[in-house]
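There's a structure below that I have some questions on.
Chains here go by letter, A, B, C and D, matching the order in which they are written, and residues are numbered from 1 within each.
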Amino acid sequence: MFDKILVANRGEIAVRVLRSCREMGICGVAIYSDVDCAGLHVRKADEAYPIGAAPARESYLCADRIIDVARRCGAQAIHPGYGFLAENAEFADQCLREGITFIGPPSGAMRLLGEKIPARQIARDAAVPTIPGSQGAVADLPTARSVASQIGYPVMLKASAGGGGKGLRLIQSEVELQQSWEITQAEAAASFKDPTVFLEKCLRRPRHIEIQVIADRYGKVIYFPERECSLQRRHQKIVEESPSPIADAVLRRKMGEAAVRLATVAGYQNAGTVEFLVDEQHNFYFLEMNTRLQVEHPVTEMVTGLDLVRLQLLAAAGEKLPIDQKDIQLRGHAVECRVYAEDAESGFAPSPGRIDALEEPAGPGVRVDSGVYQGAEIPVYYDPIISKVIVWDSHREQALARMSRALSEYRIAGIRTSIPFLQSLMKDRDVMAGDLHTVLVAEILAREQREHDDSWQHALIAASLMYHHRGRVPIQSPLNRWRLSVWEDER
Amino acid sequence: MFDKILVANRGEIAVRVLRSCREMGICGVAIYSDVDCAGLHVRKADEAYPIGAAPARESYLCADRIIDVARRCGAQAIHPGYGFLAENAEFADQCLREGITFIGPPSGAMRLLGEKIPARQIARDAAVPTIPGSQGAVADLPTARSVASQIGYPVMLKASAGGGGKGLRLIQSEVELQQSWEITQAEAAASFKDPTVFLEKCLRRPRHIEIQVIADRYGKVIYFPERECSLQRRHQKIVEESPSPIADAVLRRKMGEAAVRLATVAGYQNAGTVEFLVDEQHNFYFLEMNTRLQVEHPVTEMVTGLDLVRLQLLAAAGEKLPIDQKDIQLRGHAVECRVYAEDAESGFAPSPGRIDALEEPAGPGVRVDSGVYQGAEIPVYYDPIISKVIVWDSHREQALARMSRALSEYRIAGIRTSIPFLQSLMKDRDVMAGDLHTVLVAEILAREQREHDDSWQHALIAASLMYHHRGRVPIQSPLNRWRLSVWEDER
Amino acid sequence: MKLEARLLNGESHSIQLQSKREGVEILLDDRRFSVRFLKLNGSRCLVYSDGKVIDALVHHEGPQYTVLLNGRAYYIELTDRRLTRPLPDDSKGTHQPVKAQMPGRVVRLLKSQGEPVERNAAVLVIEAMKMQNEIRSPRQGFVSQIAVREGESVAAGQLLFEIRVEPQP
Amino acid sequence: MKLEARLLNGESHSIQLQSKREGVEILLDDRRFSVRFLKLNGSRCLVYSDGKVIDALVHHEGPQYTVLLNGRAYYIELTDRRLTRPLPDDSKGTHQPVKAQMPGRVVRLLKSQGEPVERNAAVLVIEAMKMQNEIRSPRQGFVSQIAVREGESVAAGQLLFEIRVEPQP
């Protein structure tokens, strides 16, 4: 096993990886940009080194500098987290050349799966169903028109090099296809340096369900119970759960085995996730494979009792996976809510700033993976995730109730957050019924109404009392002052 | 199910119960003494009522006032937590008379099991092994002498009405027996209003292992996997775990079935714990039964996935237990550390005061049941428990490593805590090997040596830098000031 | 003390507070509350109202109050009747400037100069923190000035556009 | 700046700090450290020393510093050489008072007036927070006064006893 690992990331995921390092007796090294000098990941690390200026391209995306730090501090491996360099095959190659272990898949598999058209081909080779669409790239508009009319509108026009909700366009009709054809190609060329596009049928209200896999160097590939991540806003997941409300043992095994076949054909190693869309008849179709640890990995950890980061480190160190498929047992139900520095009350605008007060939920069945602390700053330069709240309970209904309880305990002052919206999601009738699909959040936002309870009155009362008592010092010791200053009230 | 429950307690256990109430949609009512007006349990409650002055006998022990509050606010049930009125049969009777459900066993069972001699008789009736000793009360010194010489020294001279580590005396020889006889009787009379004493053999380095049970009104009694609580200081548990490092499936079932027999014979209902001493040959002997929820219940929740408070409420509401013995499955390993406001560095003196800064551990496998928040006060009037840190992992060794990691993240300023000692326990060779017994902590304290690492140098450096930079304001925004004020350093 | 409170949805409420020996009497519109109040540190407070406990975190910048309550956020503007400075007079036309809340890049202009806008209508789109954000008009009126161009980088606090509010009849 | 630090175990160390352009040079006894320092709010600080990160919470009352580091607590008394007020002069006999840290009840006196005591010898027992605590002598010397009786309730800060420290030869 490694003695020292550099975590090439920041925020909650860097903290997450550093925690496993500490538990395994491995020295954990953080890197930080100028604005992150006092970041929680720096505070949780055994060592930390500055890596450049705030913008990611001058720090967390600087492969050379990161490798240089790793070499100088003697780190034998680099964990990339998610985002930044996590799916950058060049970086994986560079690590290899420098004799540093990249904790992730081999760059070859990363490259194959990183582009949509080759990935779809691998899925077909592995007998994994793909969404009906063009066999590969669509060269010109006439071909596009003919493919689209064959599979039927609406269709998705996608950049092969896109991913993560970027580089795709919904096309309702032939007229729209004509209008969008050139602009989509141009955008793909501009954004991903590759104008290649292809067509897929657009499924009606699909679910997003994905399978986590992990593979060692010796050909063992294991799948985990599915995660349902259908609650998305702007193609970004915001709530994830495991198991899916619709999956039974048969579907779970069919999807799991499909994911294992795909990973095997691709020569995959380490942790990865095969994403599927699932239609209303519970047919599933390969969407893409994420070649890294995912934001939502904790729900899988909660229902299986396994530590995915630990397994990543073991696999990367060349050890055999210490578990077999039969050891993966699903227990209970886990739900994750992503808490963002976004103003849920006004269009989810980013809300960077300083966290003036912080109280996190805790207690039975609640896990918080946070990247902040009281007094910390949410910088404008990166993904505005604050933390993830993950709960576990024996049944889905109880898990949702537990999440509501946990969110009700969360207090963050100084910035605005997505917590209020997450709260209302947990009580939404479709969410509670498990009737999920990828456009449900948009529908809920459209229909959302203010709850009619007395809370606004309580808020007014609290605000006006704080105004009324402005300038009065907070109680330091209720022991002495309760009787003196609490019941009384000066003018 | 109840609509409203009053929690007749304070601190972490009141918070624990209120959390389950909120998750079950039950209105949770807190009560508070004057010094607890801003306690965390008040903040986590839906309603809260003052109950009297700080000393427990003027507030949390005032049965009349508590019942009066319950009646006036419309609470249908009272959860007593642990301590205070939890094992007070009078109080249970009073609730019954007022038509309020006492969430605990019937007062009859409580009375029987609350005294040692009748409890030992019940154990014998239930064919549960008891520690060799007198059949019942020992009337006079000659009888005591004869019993003691029969079972062999050392022996324990115990008050029948004692418990929880109080009212017992270790006797090494006949001379000591003679010296202690009268004083022990007198102390028992003074402390417990009952001079009755009895004799038990003193086991050499026993383990303390206990079985949690829960029973409904319909005769169903279920046992849970054992908890080992051998790490004790002054007869108070400080670290608990489940399963026990020495228990296998056979011992677990034997102890579990013994506990169920005992609970059945006693006509027990609701949650309770049968405590055993276990000798080096793994023979187990009944010690006492605790007729309440215990401090260490979370380790059982972590390894079984069940919510014991929820089960308590269901049983108290007259529902059938929703689980059977076969549903209780042991998974992984859980460890709990009790964090006290005690100065571990100088003889565990109480350290009440204000919590000036607080950061609690979090992340994978870590649960914190806390009774405090930043700015809260630890009053001198009650048990100085701050919180419990509970961890879960798939194996014991990993669970201990995770606990070390969690404790290393815990920051409490303003008061002194037992965390440093807990840290050293987690790394003790006997603790790591699972070689536990009830005097191990005393042995460790006797042999404890300061770890020889560089940490004291780091502490000196941090303290002197804070002195050097006194008067300098903390950074508000690293975004702007890092380059300006961090690397530089004014005179 | 008499306060006027305006909620985010535009609702306005009147609040009267009066200190009594046993706590504070509050008249919220026409509902009466008798409360006890405890100010904790870190902008936390506890309000005890007829058994109910309100555990709130109250943060304010000037008259803008944010109250965190059970995981929800409430935004309230408080006006003290005694101290009321004359509010910007709606009876004359005024120009309301809208500034960037954070650094970012203008990706799209949705309105042009002189165009009429509803309250809350999107005027332009700024990309920041990897996300596109519509910047909306705070008032009904006309876009009197657009101070940025598409593609331009903006700093926090930089003027984006101005809305001219028409005199009310 | 020159400091003297005394640990709980009685060890004494000298610390010299010098500000440089790139941070602070520290000479701890004869070990040299080159560090960067970041003061956070809430008495937290970060020290960057040769890659190592020291994440400490530092609390002090006068010269008594408590440093929390990785779940351990370190108690340090700092003396600034430049500001040193003359310390209580050990060459003359002095009386050191010992006060109650918290309210409680005196359950037992273990020494009587005039009795010689070693450093750390228990002088009396106080019960507080349901526990019995031995109150020890901070110095070697004689019990010059016992200010409480068995069974007496004491308030925090109340004088318990005094130790007379003998002049050193």
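Worth pointing out:
Here is the rule we go by: a contact is a pair of C-beta atoms (placed from the backbone, for glycine too) under 8 Å apart; a residue touches a chain by one contact, two chains touch by 3 or more.
Since this is a predicted model, take the numbers as computed values, not measurements.
In summary, the chains found to touch both subunit C and subunit D are A, B. Centroid analysis (C-alpha atoms only) places C farthest from subunit B. Distance between subunit B and subunit C, defined via averaged C-alpha coordinates, is recorded as 48 Å.
Subunit A and subunit C, compared by their mean Cα positions, are separated by 32 Å. Shared contact sites, meaning residues of subunit A that touch two or more other chains, fall at 37-38, 44, 374-375, 408-409, 474-476, 478, 486. In subunit D, the residues that touch at least two other chains are 38, 40-42, 44, 52. Residues 234, 344-350, 352, 356-357, 380-384, 407-414, 416-417, 419-420, 422-423, 450, 455-469, 472-476, 478, 486-491 of subunit A are the ones that touch subunit C when the two sit in their complex.
Partner subunit A is touched in their complex by these residues of subunit D: 38, 40-42, 44, 46, 48, 51-53, 55.
Residues 29-30, 37-38, 42-49, 73, 374-375 of subunit A are the ones touching subunit D in the complex. Contact residues on subunit A toward subunit B in their complex (touch as defined above): 15-16, 19-20, 22-25, 34-38, 44, 54, 298, 301, 305-307, 331-332, 354, 359-360, 362-370, 373-375, 377, 379, 392-394, 398, 401-402, 404-405, 408-409, 474-479, 482-483, 486.
Contact residues of subunit C toward subunit A in the complex are 1, 3, 5, 7-9, 13, 15, 17, 19-24, 26, 28, 31, 33, 35-45, 47, 49, 52, 54, 56-60, 65-76, 78, 80, 101-104, 128-131, 133-134, 136.
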